[in-house]
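What follows are several structures.
Note that subunit A is present in both complexes that follow, paired respectively with subunit B and with subunit C.
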Partner chain A sequence: MSAAALKIESLGIRFGGLLALDEVSIDIAPRSIHAVIGPNGAGKSTLVNLVTGIYAPTTGRVILDGEVLTGLPTHRIAARGVARTFQNTELFTELSARENVLIGLHRHLGYGLLASTLRLPSFYRAERDAARRADELLALVGLEAQGGTAAGDLALGQQRRLELARALAVGPRLLLLDEPAAGLRAAEAEGLSSVLLRLRDELGLTLLLIDHVMRVVMGVSERITVLNYGRKLAEGTPEEVRRNPDVIAAYLGGSPHGA
Partner chain B sequence: MFGQILVSGITAGAVYALVALGFVVLHRGTRVVHFGLGDQMTMSAYLVVIAQVFLDAPFAVAILFSLVLSAGFGVAIERGVMRPLRRAPLLVMVIATLAIGAALREGLRASMGPLPWPVPFLLTPAPFTLGGLVLVPANLAVVGVALAVMLSLFVALRFTRFGRAIVAVYENPTGAAIVGISVPSVHARLWGLSSVLAAIAGILVAPLITLSPDMGTIGIKGFAAAILGGFNSLPGAIAGGILLGIAETAAGVYVSTAMKDIISYALLIGCVLLLPQGLFGRAEPRKV
Partner chain C sequence: MIARLLIFAAAAALVALPFFAPSHIVFLVAMIGSTSVMVAGLTIVVGFTGQISIAQASFAAIGAYGTAQLATMAGLPHWIGLPAIALVAAVVGYLFGLLSLRVADHYLALATMALCAIVQLLLIHLEDWTGGAVGLAVPPLAVGTRMLTRPTELYAVIMPCVALTVWFLHALSTSRLGRAFAALRMSEVAAAAIGIPVLHYKSLAFALSAFFGAFGGGLFALQTTYLDPAQFGILESVRLIAIAVIGGVLNPFGPLIGSAVFVLLPEAMGALGRYMSLVFSLLLLLFVVVSPQGIAGLPARLRARR
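On to the complex of A and B.
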């Protein structure tokens, strides 16, 4: 589970007449948190959907540690160590929180139909390991008490954290987070920031973070890319981006360079 | 009398329940209603006869032969027809299943002839009496096998990687893909699974009725049972099947055997009108 470098090269996609993303290139260093921000409709979620293979790009490609991901189906990209969460969570709502995480662990369960039907010792061992790992992940995101609750019955903030636990269960090298802080209360957003830093520092993950909530983004990211109307508007450290007049104009309206 | 109705009704109901499961197992994952499923029942029963009569295989081997080919046939439908149609509207896929059913039915009529073939019973059809009830070992075998199949299905869904991937796709295909589950390969498994359920139902029911190319019309009873159960609930499919079997038998006894199909379809229409989610189904909210 070593950290991965992500290279996004001239990535673009057109939906009918709309150029949702226009030849955007981003380099993300291993073991870093890179944020992508921008107004609504800037193409942020589209970018994540392109990296994870949910959309196929019109131009460009995505390279993870030298391996081209573009063209692979979503489940194969997941198998290469790319996990993600969704802006509107995509949980298995009728299953319990623990079962959601267990499904995330499914590739690591080393038993098949035979072992489980015959109840071979390997089945019990794998089940036990998976259950322990699931509980660890639930604890990591602070849901140890909610393991038995149906995912659909959890509060929004809890659903977000559960999706994070499920994403970690896949054993990712690169984690994409689509607006994890949206709709969270201030205290919850603080908690999220510290979880993100732990993922980078303790698990050594590379994170691509998409969000509106500046407090979270500015607090945790090494570098920030700003998108506007599908184009890269600016890129740099949080401080550079904060001072960039184009960025200020895009967020606050008005013409760039003063006025 | 009522006890006797229950016993006979459950035999028919067990078969309907298996077919209903075949419909629901597939539909929950792929959204496709497979109208050729009844004809696949017929095909699988013919495969047993073919293995026995033309290949001289023992009964058990013939059944295995039929089940394996039936599963393969289901997977072949997914690979050969449904996957190329995956971007087509759902209605096109459903019409394709009608075509598959018609092709099977007429293919069997052309190759095996329109006349019925004998299919062996699992146990003797000679009845015996127990506590005032007339029991038929052949019918009990049908119920026993159906129960065992249903139980194995639930264990497989709950405790195997194969089954958990299916449940994940049922719940959320996007979520499943994102944790590394191949949705197309789960679809192929569902086609195989649904075909095997229909095959078992076909092999069980063939000796009780007669095996002719038109036996597949009984599949529509499984469809009705699935609707009764809500069409998206596996326990509902089983309950719907048993209920339909009992209602039909009761109608046959208290009204007339000629009326029993009318009454069971009236039950279906009533259910669709008054209880569109079925007895066990749940309305599925759609996220937009």
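On to the complex of A and C.
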């Protein structure tokens, strides 16, 4: 078995009396799509916030290609090639779609305050390259015509795609997608699946995908981890997970939260 | 296009002004200029970055007193002393910005207000350095042996600084740093997830704010020629915020427009001047409600209406 690109080791966090995540371990192979599913409140978004350093875990650690991420501030984790989208979209709503992607490219624009104030050639060169790259990324997610539109004025499906383009601008090795299919229409969800497969196959990214929408998850994931009440309930291929009686119970019967 | 013509015409008028206008008008316009430099700092921290600071008068005080005392006590010419004290203020501003790690929003407002009160107390009680409550005289700006005290001479020194400040605001807002500031304003968590060092950049915004606050304060000192602690209290900080908001916090010309209103209106009101605070309060309220982007934001707003 190849080395895991992302290794989550007995990761846990407690919010006051609530054990939101209880010693969860997940290994994610490089260039794969790994889904984490589970009912509401299972700890899925918490997991993303722990990997990206927004929360500090009570137990365990996160290792990316042999390097421990746990303890680093969020912006340093991003600098190591971890990008994410947000469950409730966190776009810079007053800015245009293109500017959102340009901010995603922030770390790749090398010039300093002096170069931009004096408008040195290095400023123009970097800005021109960034503008081209931003347009490429907008085209990749199908928003080439919306570059000038304020992010807040885009439709929900477009906003989710814009967040994806902005995350890609960071230049990630690992991409964490927090419910990218939530609220999308069927056709949009299909489009999302094909984009995710392209990211894995053409860009060689490792994807951690969190979602409720079974059609997307089952269609693209190599492996699926099922969380329930902060614990790992099951793990395996989509087929194994689908047949797992515990999973069926959590989703259809046993859970008071429902799916 | 119209905006460009307007800017060009205004710039030409400002260059020509000292040749035909009476000297008290030249003095007033230079006062608008130095005020706008102080306000430019606020535009960066409050407008671009979306933080709150009620400490801008303190940075202006550092610049004003520093410029005066570096000349009086250390014999440093203003040409060196003013930029030097502005850089010192920037360092203080950066360190102060680190506070935003611990406090945000209302509490940041209170913390900056506390800083302002502390600095004013220091101005009163560090008598050996500041002249205490009585204040101190500012040595005039000198070139060689010649003293620049006439309004037109100060105008010729101050207005280029104002032009550079406007350019800096424009250049900043269209650079990666300016975009990162805007990102912080709209979503800190998304900015961090992109790799923007939130605390460092907030502190940088405070540092820039302090730099321009002190620089403007230094220019102001050269004009008023006498400093006392009453000029640099919390009320002055609030006045500077009001100028920033009424001018427009996201436009490079906002500070200049706001300062023009606040300097010229009391002149125009004459005997009604004692109602000034009331007028400014109402103006501030009006803009916060009707046009949060200030006067500079009005054209875009009217266009959107149509």
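Keep in mind that, in the parts below, the second predicted complex is superposed on the first by the 249 of 259 C-alpha atoms of A that agree within 3 Å, B and C clash if a C-alpha of one lies under 4 Å from a C-alpha of the other, contacts with A are read in each partner's own complex, and residues count from 1 in each chain.
FYI, a contact is a pair of C-beta atoms (placed from the backbone, for glycine too) under 8 Å apart; a residue touches a chain by one contact, two chains touch by 3 or more.
A quick note: this is a predicted structure, and the numbers were derived from the prediction, not measured.
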Aligned on subunit A, subunit B and subunit C: do they clash or fit? clash
On the A-aligned overlay, A:Asn88 touches which partner chain: subunit B = first, subunit C = second, or both, or neither? first
Partner chain(s) touched by A:His106 [first = subunit B, second = subunit C, both, neither]: both
Should A:Glu222 be classified as contacting the first partner (subunit B), the second (subunit C), both, or neither? neither
Between subunit B and subunit C, whom does A:Asp135 touch in the aligned arrangement: first, second, both, or neither? neither
Taking the superposition as given, does A:Ile54 touch the first partner, subunit B, the second, subunit C, both, or neither? both
Identify the residues of subunit A that lie in both the subunit B contact region and the subunit C contact region. 52, 54, 73-75, 78-79, 83-84, 86, 90-95, 102-104, 106-107, 109, 111, 113, 116-117, 166-167, 169-170
Which positions of subunit B touch subunit A when the two form their complex? 155-156, 159-162, 164-165, 167-168, 171-172, 174-184, 287
Which residues of subunit A touch subunit B once you look at their complex with the stated criterion? 52, 54, 73-76, 78-79, 83-84, 86, 88, 90-95, 102-104, 106-107, 109, 111-113, 116-117, 166-167, 169-170
Residue numbers on subunit A that touch subunit C, as the complex places them: 52, 54, 73-75, 78-79, 83-84, 86, 90-95, 99, 102-104, 106-107, 109, 111, 113, 116-117, 119, 123, 166-167, 169-170
Residues of subunit C touching subunit A in the complex: 167-168, 171-172, 174-177, 179-180, 182-183, 186-187, 189-198
